[in-house]
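To start, the structure under review is shown below, and the notes come after it.
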Amino acid sequence: MSEASFVLLVINVVAAVGMHLVYVTGQLNLGQAGFLAIGAYVTAVTDARLDWPLPLSLLAGAAAAAVVALPVAFGAARLRGVYLIMGTLAVGEIVRVTIGNLESVGDVQGFSGQSGIDPISVYVVAVLILAGALALMTSATGLRMRSVFDDADAASAAGVATRSVRVLAVVMSAAVVGVAGGLVAEWSLFISPRGFGVEQSFEIALYSLVGGVHSLIGALVGAAGITWLLDGLKDIGDLPFIGESVEGLAPWRLVIYGAVVLLLMVARPEGLITRRLALTATRPLRRGRRRWLARADRVQPVPATAAHPASGDAAVVLEVDAVGHAFGGVQALSGVSMTIRAGESIALIGANGAGKSTLVNVVAGLYPAQQGRVRLNGVEITGLPAHRRTRAGVARTFQSVRVFAHLTVEETIRLGHWAGRGRERESVERLLESLGLLGRRDALPSELTLAEQRRLEIGRAIAAAPAVVLLDEPSAGMNDQEREELAELIRSVPRRGTAVVLVDHNLDFAFDIGERVVVLDFGAVIATGSPAAVMANPRVRDAYLGPEAAAHDSPTGDSTGVPEQRPERLDR
Amino acid sequence: MARRSALRRTYPLTILCAALALAASGCSGDDPSGSEVGPTSAGTEGEPISIGLVTDLSGRFVSFGKDIEAATNLAVERINADGGVNGSMLELVVEDTGGEPEQAVTAVRDLAEDGVFAISGPLSSGEAETVYAQAAQVMVPIMSGTANKDGITELGEGWTFLNQATNTALYTEALPAWMEEYGVSTAALVYDAEEPVSAGAAMGAIPAVAADVGLEIVNADSPITFTRGQTDFATTVQVIGETDADGLIIMSAPTEAGLIAAELARQGETRPIIGHPSQGSQSFFEGGGQEITDWMLPLIFDRDSTEPEVQEFVSAMNEVIAAPPLVAESANYYDSIFMLAEVMRDADINGSTPVEEARETIRAGLLDLSDFPGVTGTISFAGNAEATKTIHLVVVQNGEPTPL
Amino acid sequence: MALLEIDDLCVRYGHVSAVEGVSLTVERGSAVAILGRNGAGKSSLLNTIAGLVRASSGSVRWDGADITRLATAKRARRGVSLVPEGKRIFPALTVAENLRLGGFHVDRSLLPSAVGRIHALFPILAERSSQPAGQLSGGQQQMLAIGRALMAEPTLLLLDEPSTGLAPKIATEVYERLAELRTTGLTLVVVEQQIDRALTLADDVIVLNLGRTVLTERSAALSRDDARIRAAYIGAEATT
Amino acid sequence: MTQVLLNGVLLGATYALLAVGYTLVFGVMRLLTLAHGQIFMAAGVVSLVITGPGTPFWVAGVCAVAIGAGLSVLTDLLCFRPVGYHRPIPAAVATIGFGLVIHNVIVQLYGSNAVGAPFEVPRADFTVNGVLVSVVQLVSLLITAVVMVATHLFVNRTKWGVAMRAFSEDPEAVAVLGVPTRWLSALTLGIAGALAGLASFLVILRVTSVSPSSGLEIGLIGLAIMTIGGLGSLPGAMAAGIALGVLESVADYRGFGFQAAVPWLLLVVVLLVRPRGLLGARTS
């Protein structure tokens, strides 16, 4: 591969890294040709007309692309699936046609006069961009960006402000793509709007989609691979043995390229470098970094014996005051009130469809309560969105395990840990150890058993040292031995100073953990007290066996605790 | 499910061996790349003189590119047939850019690295502008036979030439002849706002030349425009109908020219029209061209000229190319090779001449070449990087290009 | 020879085993009820018979032939019809269109009589025939789902919790229709939460807990308060 | 001005035919067939190349429809089925690859210049109080209307149409009823491809040629119209197609400098007002 094609390859890699920043958040954005054009033209004009030094004009290009990207990012945050793809594509085309109508920059006929750039500077810029992207993706922000890809609800439950993460990703990606545009302008010395059309957007998108959306290495391999394939196919005539016979294939290279893209999608739908592959490849790197990070982690002793509140004197942590909620006519919750004290563990039980999950979702802020109020440590949090509630100290898990398919065990815990900034927290290392997951720290959720996934989700919730954690039917789908280990873990939570609200319809599990029991039926509290007292209550017995009383069609349906296979949908 | 997983296991293997095969070709990219057309006659001792050709064999201009490659090969074979240049055979190194400016930059830099003495091409104006801006850095004489944007050679600071009539040269001769032929004094300007060559001509050369020759462009401040890839011209032609002017100036690529011609005929437009040389292609004559009369085109090559060597060239080309008749511009590339050969013969350049010296001599030689008898008529640079070409004016009558 | 034979069936989703080592035989014309609390694997077993879920091991034989690997659509052609959990009717399509899909393979000439048969069984469907199915009440949607599955005149009808979400009166009416259908020789397998309804309809009962068979028994020999059923439902020590 | 509106409606009709293809595939299978524009082009080019000079023009029409349907079914067999219907993103990328293959095979075989129609298109135009109307345009408007009604009837009346609409809501429930879903996807794409072939033929009737490089642009405009109309809504696609045709004609007439961006400006405006397109079903 000649130097000239290698420079082109490096520029393509920079563009691919830019797009990786937005694709990793699951936003399939096709507006990159527009930002490429803005970066190219601003760099070219500031260089040729204003005679700015190269680094400054490249930065100007990036800044201009980022500024234009801001409104687009807010618009895009509202769009999903095909609407997002087409909306961003439209922005790219509008930018290209606008430039084509600007007399001052040579409109359709193009612009030249740049001072040019030598290959070494291109490589330096590329290395800087790569280092920046690597640092970003391994930082807390990078974790938050990845968490938004799979499951926005789970991300906000983990304290991630999903909308601002999406907007930030689009703006940063536009800036990096702007730099790539600047490099194109300086390297080819002549630019015209035709060079920034839809074909470029598609090609840059293919780098990440073929290479693998979830890993920076994927973007690299995709960009380098495709550019080198197209260049290599041109010289197919030079192949040692079969050179002469296939020489006629050279002009057909775009057909071969199309076929290769098709074959790759069949063979590796997730792309060449899946997150799994990237993780195994960078294991040594991560080990070194971990040793360095371990020193910086604030390690503080676990409060050995939290004042275990034998009686009711501990401070009230969470107050649920006359909360009501209805789903289209069906009153799921009516006037539910309960208080939770520091370090207490409560079991919330009720037959299927009694409103247990609705109460958890309302207290955790997944959807606002229609009636009543929720107070945390005396502070009103009824209106607070889910991610702010998590940061304030109300953590929760979901009925079917919802962890992040593309975050490793350690990253998930670190994400939860980050949500508790400003509070004394146990270090990630010690938490992994107490969860029994230290050995599995680099594993992805798909490689864990259901019990391990559940422990991971609970770990993520308590990593933020919240005041209260709401556990929604954690024991579903587990065998007895796994259930016992889970009970052991849940019992240890109050010792860390976090109150537990365990929601479950399995009585023996709930009574084993909950010191106090609250029974829900038809969305109302019908009994509270010790396990024995509650079981003696005839209304509870009747609500449970339910021959006469018809159980309502609960929104959760048959819960096998199995993580729903969430098919990617293009229309939502 | 079983079938697909087996499928999935075998696919990565096939991808892997394909990639390995390409790896071999990729690394071997740095030695002289591209398909060489070696010397045909046996036993000459001298190092071969390598000439680069930058063309498009896979992109938007593949129909032009293939004919250009054929014409260039024909010239090289004929020169080698009668002894080559100063005893050295000519060796043509072809680079395919797919019509992309970025690829053209890479192609020119690779050819310079491989030590070619001169480069013929690139094909489109967009590519030519990008490449000419690089010429001063790679210091190789580059001569395009197709790009015709005015002032393009200034980018190359003396290293770049044009064996093609620029728009100004074309219309300085064509406009007066058109005005005289049809008694035109006012004209309406119509062009493709997305296509750089047409936009360049319509906003640059045409208004300038029109002012010199006293042709009034009625809609100079708000010309009628359309966009490349548009298929429906009903409204555009209707606006043309509403503009009162003696004649129409239509700047566009052949596809759009055909579409407008069909629509003009449909709406009963009979005013005389003058177009752009790039429209003079088979797809225009066979497509929309069938239905219009009085569409004048200033061409740089007349296929039907009675000159014996022109007829010989046309018949030789028709045997070689896939879809005769040939593209007019391929004649320029045929002449370019002969001109380079003559300059090298005069300056005693052969295969063993050091590359820098050869390139510098060829550059100087080309600059003062004059009255070169090519199949496209007499060509002379005479101190100007843009050659003066003989211009053949033809009028398309129902698809038949008849000389004026 | 039994109509449906299930032998040592296992179903795993990733690491979770929903059904482990279940065996069951259903005679032609009989009715079997599958009981067990939430997450016991009832739906997984039913869906495996219908072909929606792939069996990890074990076999499902239909009229002697092995259909473990057979695609859902082909099983339906052989007479196995499923009324899925949550009814899963097509809300945007009219009642008539939903029924039309049920009788996809019924040739045009026989359609009117097939639809007539369903309308006789569930008169409400005749009244609401041109209304979008989404506008029907829970009970009516359940009847539509059953009617749709009956359009192809199946030999075995699988029902997944037909009474869930229905008011008691409506659920009773649905079960009366099912009892009526049994007189036509239709074989039934019903997954049911409510013990009493299951016992009144079915000849045999199989109780699952955590994917394993806890109990198989003639329904006559069982009652709601039977210790073994309570154990499966509420867990061992709660019954003190 | 009525002339401009007529031109707009006629152009819009062709756009609508193309967009209906996309909408049908997305409406039924929630998948994007990004090779649709290239199939439109290839159907036109190949149908012109294989029909000799003597043959009547409608033969090319039949070829175009057949080629369009064939290539579109191939999209199902080569892209959607191997990659998996439950993976929309990789399936869409696979169709991009397939589109590249189609486009570049056509360019290598038939060159990059426009391919002229070998047959004579009957040119019978007449003016009605000043408005020039061509028979060809009227016929194509008529065909488009008939095809639209036929598609609407097919999707709403026949059992296959009902199965398609049900499939878009709950594919598993359709399979459970014994409907052969494999054929369903092939049929959906076949119809979409046939519509694209027909649209390509109608354009050829009017402009007597088709250019191999028009595939990508036309495909994107079709996608834009589907999105403007609202994903999966056939009436939405038809309305948006006509609307865009009229808007583009008016923009041409007014000499609006940004003609090339008209479809995209309309799309951005609609998405700002209704993030689900004009008639997009509330799908979440």
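Letters are used for the chains, namely A, B, C and D, taken in the order the chains are written, and counting of residues starts over at 1 for each.
Just so it is clear, a contact is a pair of C-beta atoms (placed from the backbone, for glycine too) under 8 Å apart; a residue touches a chain by one contact, two chains touch by 3 or more.
From a predicted model like this one, the values you see are computed outputs, not experimental measurements.
Counting hops only between chains that touch, subunit A reaches subunit D in a minimum of 1.
If you average the CA atoms of subunit A and of subunit B, the two centres end up 52 Å from each other. Look at where the CA atoms of subunit B average out and do the same for subunit D: the two points lie 35 Å apart. One finds 74 Å separating the Cα centroids of subunit B and subunit C. One inter-chain figure worth recording: subunit A and subunit C are separated by 39 Å, centre to centre, where each centre is the mean of the chain's CA atoms. Among all residues of subunit D, those that touch two or more other chains are 82, 84, 104, 108, 257, 260. The multi-chain contact residues of subunit A, meaning those touching 2 or more other chains, are 100-101, 251-252, 254, 260, 263-264, 266. Multi-chain contact residues, meaning those touching two or more other chains, occur in subunit B at positions 7, 58, 62, 193-194. Here, these are the chain pairs in contact: A-B, A-C, A-D, B-D, C-D.
Contact residues on subunit C toward subunit A in their complex (touch as defined above): 13-16, 18, 37-39, 41-44, 85-86, 138, 161, 163-168, 171, 193-196, 210, 224, 230, 233-238. Interface residues of subunit D, counted against subunit A in their complex, comprise 26, 30-32, 78-79, 82-84, 86-94, 96-101, 103-105, 108, 216, 220, 223-224, 226-227, 231-232, 257-258, 260-261, 263-265, 267-268, 271-272, 275-277, 283-284.
The part of subunit A that touches subunit B in the complex is made up of residues 1-5, 8, 100-101, 107-110, 112, 116, 184, 187-190, 192, 194-195, 228-229, 231-240, 242-243, 247, 250-254, 260, 263-264, 266-268.
Listing the residues of subunit B that touch subunit D in their complex gives 4, 7, 58-64, 66, 193-194, 222, 224-227, 229-236, 238-239, 254-255, 258-259, 262-263, 266-267, 281-283, 286-288, 290-291, 322-323.
In the complex of the two chains, the subunit A residues touching subunit D come out as 28, 75, 78-83, 86-87, 89-91, 93-94, 97-98, 100-101, 198-199, 202, 206, 209-210, 251-252, 254-255, 257-266, 269-270, 567-572.
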